[in-house]
Amino acid sequence: MQDLLYFSQQLINGLTIGSTYALIAIGYTMVYGIIGMINFAHGEIYMIGAYTALIAITGLATLGVAWLPVILIVALVCAMIVSSAMGWAVERVAYRPVRGRHRLIPLISAIGMSIFLQNYVHLAQGSRNIGFPSLIEGSFRFGSSEGFQMSLSYIQITIFVTTLICMTGLALFISRSRTGRACRAVSQDLGMANLLGIDTNRIISATFVIGAALAAVAGLLLGMYYGSVDPLFGFIAGLKAFTAAVLGGIGSIPGAMLGGLILGVGESMTSGYLSGEYKDVISFSLLILILLFKPTGLLGKPEVEKI
Amino acid sequence: MAAKNFGHAFFCAFITLIISYPIIGFNLEAQGIDVTLTGADTTTIVLVLLAALVVFLFQLFRDQIMGALKRVPMPSSDANKEPMAENKRAKIESWILTGIVVFALFWPFFVSRGSVDLATLVLIYIMLALGLNVVVGLAGLLDLGYVAFYAVGAYTFALLSQYLGISFWLALPIGALLAALFGLVLGFPVLRLRGDYLAIVTLGFGEIIRILLNNWTTLTGGPNGIGGIPDPTLFGMEFGRRIKEEGNTSFHETFGIAYSGEHKVIFLYLISLVLAVFTALVIRRFMRMPVGRAWEALREDEIASRSLGLSRTAVKLSAFTIGAFFAGFAGTVFASKQGFISPESFVFLESAIILAIVVLGGMGSQIGVVLAAIAVTILPELAREFSEYRMLIFGAAMVLMMVWRPQGLMPMRRIHIELEKQE
Amino acid sequence: MLEVENLSMRFGGLLAVDQVSLDVQEHEIVSIIGPNGAGKTTVFNCMSGFYKPTGGKIRFEGKEVQGKPDFKISRMGMVRTFQHVRLFGQMTVVENLLVAQHRHLNTNLISGLLKTPDYREREQKSLDRAAYWLDRVGLLSMANREAGNLAYGQQRRLEIARCMVTEPKLLMLDEPAAGLNPAETKELNQLIVSLKEDYNVSVVLIEHDMSLVMDISDRINVINQGRPLASGTPDEIRQNDDVIKAYLGEA
């Protein structure tokens, strides 16, 4: 009984982390699907989202606003606006001018952008990690056998619900809206979409903005969940989310969701049953193994080499 | 048109404000558990507003500015110029290089100990960057975990000396070969991946090695690292005040001169210099050999290379292994210079710095890479007040270089080959 | 020397090549023609090892090669050019030819580092071979230009020279006349014939320029929608009703 409780607890923790990975992974996968590049700076955009949310929350506290829904909504909106603007600007400054050049060039540009943003926040806010108020306290507790109690905290529930709303919204947007349809067309064939009169530049920008906004949501959620942020906050999370995107099949949005959940659960099981120190090793090894043996991921389409 | 430009310029300025004001304009301060928010000082706010104004003006007059920039003659308009005749160029080059090396040999005797120490570090970075240049610049494989091989070299020496008492000179080839072996073993499965996947996988490898070093406490000492790594000896002569190893003599007593801490620093510098020159010469030779041409061919067009009978795996693996070899070299020297190593020295940031050196110098260009290594290491030391902006500037420079001058500051020059007409 | 037997290639649900057969004898120029999208280049990609065919056999000098890695096939003496020229753009013209001779060179790293006499001798031989072929295609004076800066017609010729320095037995040309002006096409015509006559190379040619095809081919294979439509001498093909229909768009 205790084993089962322990297992369920790890499962819940894993799904929590996994659903935020999925939110970040969407940004990687959408950008990859449309322009075929890895947006290395995406992890930093997520980190900036978390910082903005923290600034908003602290600012509201200074002003004396104490009503939780207002705090959450204002923090969320601020984070999404700043991250989206950042995503837009990054694409404009660092990626658009090098689009279509030798494949190494956009990639190096993206790495440069990632280093730049990390240090931008580092210089502005210092390198120390700063406490992030958890805001949503408390949990449901159940089943206590031999001292082990399983808990499902309210913040975990918030994370699930928010992720679910975002994913549903995204799915509706992609399938119903004009821009969403244009997105799909561009990811099928950029050149053709251009010929058909779709403003591909605008669609690419939109992709970056959507990815960044979702990353900002993840930033707020994970900030509250972990309880602190620092400028390196985005680097590892970005790498994990990228792993999730590849695991699910890069370019595929349902794949990113699935990959995120699997990775989160895998990690939480590793720390629960093996050792927390090696959980990063497990996820990187997982990434390497997938790329070697099934580079198309679980739900990705195979790419035919064109000659 | 003007109205549209105005709107766009206004939008861009607005975005600039959004992405800079919240992050720069407010300071989060942690006091215990409490976090407070303070506004930044007036100068910062004015700077942010100024930045937005600059963006606004730039976007408003974008066409005029770009037009003006185009009229500025570009020095790189030698697209159709043939390279200078090889014999002439080789002569000039070898004179200049010999001059620089001779200068570098005597220079340390006239400057301060700190400068020599810094110069040794520069030479280590030169070795690293020349090695990475093979992988990224010539073969076109983006390796973001290069620092892992550097760590293998450093830890090999540290562990060998700690457990087996092996000296620097023996550890140098062992460390380099072991790093090369790591390159070979790790490279074999990953090199068939596409470019961007390769970058991520090598990044993952680098992190795995660092995490292992951090957690395998019984062997590596974990985050505490390994200390007491011996200095190199000169034909059995030690540079310390007292002899540590039985059977060795001490340098200052043998030559009957007073002990000075500087001897050791200069000796290490000279070793690094010799090794860096060796690295440069060997790689230069490789570049003119079939293997070097195969690296470049694979970077230029993988499919065409394969259609001409080049084995993709063999060619990539050779570049990866040779790059790793020189990283191992540099690692051994680094361990000896520091006397102490810990996983802190082998983080992703190091890989990024080495990559920045290669990119700034000019991918494939040896002279460019050497100059960039010198600049990147020394400039932050000269302008200490700016040293915290170092990585910010690197990041921005990498983006700007890719946008404006992807071939680097000193692009690679092609080799001129004399041909005789055949009948 | 080359036999292709019932070659099929399927991509997911699409059967791009269906039961195509052809054979090439020594000292022969064989053309593959057909409308756009007929699967000609896919046949080439299977023959040169870029694709692993889903069915059928390819024999080169009696040895089965289907599914072998591309670089091994090329080392056996089957070398190709590409529909869209694929040069090593940032390398010089002569370097392009040196890369191609990789397997003739002493690739031992140590002997290269030490510049042993054997190494020097082989290096010189490959330089001479490069010079010979550059002269042959009229590019000797351009030897040290970057290949990417050549004019289009020159790039096409360089690509053929790059194949020839590997001393192939069978040369596969994928639309070598595409984008050339009539004068250049005429030169190409002479060059291909001379490859066969003077250097004893067999040629498989994919081409849309019918006058070129009819002029130099010994035999022609017609493919339509992935399936073989006809094969025979140029005269037979010219009078074949199916071919005429396919080309006039009635099919």
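Which chain is which? They are A, B and C, in the order written, and residues in each are numbered from 1.
Convention: a residue touches a chain if its C-beta (ideal position, glycine included) is under 8 Å from a C-beta of that chain, and two chains touch if they have at least 3 such contacts.
Predicted model only: the values in this text are computed from it and were never measured.
Colleague: Which chain is in the middle, if each chain's centre is the mean of its C-alpha atoms?
Modeller: B
Colleague: Give the label of the chain whose average Cα location is farthest from that of chain B.
Modeller: Looking at centroid distances, C is the chain farthest away.
Colleague: So what's the Cα centroid distance for chain B and chain C, whole Å?
Modeller: The computed centroid separation for chain B versus chain C comes out at 42 Å.
Colleague: If you average the Cα atoms of chain A and of chain B to get two centres, how far apart are those centres in Å?
Modeller: Chain centres of chain A and chain B, defined by C-alpha means, are spaced 30 Å apart.
Colleague: With chain centres taken as the means of their Cα atoms, state the distance from chain A to chain C in Å.
Modeller: Centre separation, chain A to chain C: 48 Å.
Colleague: What parts of chain B, by residue number, touch at least two of the other chains?
Modeller: If we look for residues of chain B contacting two or more partner chains, we find 303.
Colleague: Among the residues of chain A, pick out those that touch two or more other chains and give their numbers.
Modeller: Answer for chain A, listing residues that touch two or more other chains: 305, 307.
Colleague: Using the touch rule from the top of the page, what residues of chain C touch 2 or more other chains?
Modeller: Within chain C, the residues that touch at least two other chains are 50, 82.
Colleague: Would you mind writing out the residues of chain B in touch with chain C in their complex?
Modeller: Chain B reaches chain C through residues 79-80, 82-83, 282, 285-286, 289-291, 293-294, 296-297, 300-301, 303-312, 318, 414-417, 419-422.
Colleague: For the complex, give me every residue of chain B touching chain A.
Modeller: 15-16, 18-19, 22-24, 26-28, 30, 33-37, 136, 140, 142, 144, 189-190, 193-197, 199-201, 203-205, 207-208, 211-212, 214-215, 303, 348, 352, 355-356, 359, 388-389, 391-392, 394-399, 401-403, 406
Colleague: Spell out the residues on chain C that touch chain B in their complex, using ranges where they run on.
Modeller: Against chain B, chain C makes touches at 48, 50, 69-72, 74-75, 79-80, 82, 86-92, 94-95, 98-100, 102-103, 105-107, 109, 112-113, 127-132, 134-135, 140, 143-146, 149, 162-163, 166.
Colleague: For chain A, which residues count as touching chain B in their complex?
Modeller: 37-38, 48, 51-52, 54-56, 58-59, 62, 78, 81-82, 85-86, 88-89, 93-94, 97-98, 101-109, 111-126, 128, 130-131, 133, 235, 239, 242, 246, 277-278, 280-281, 284-285, 287-288, 291-292, 295, 305, 307
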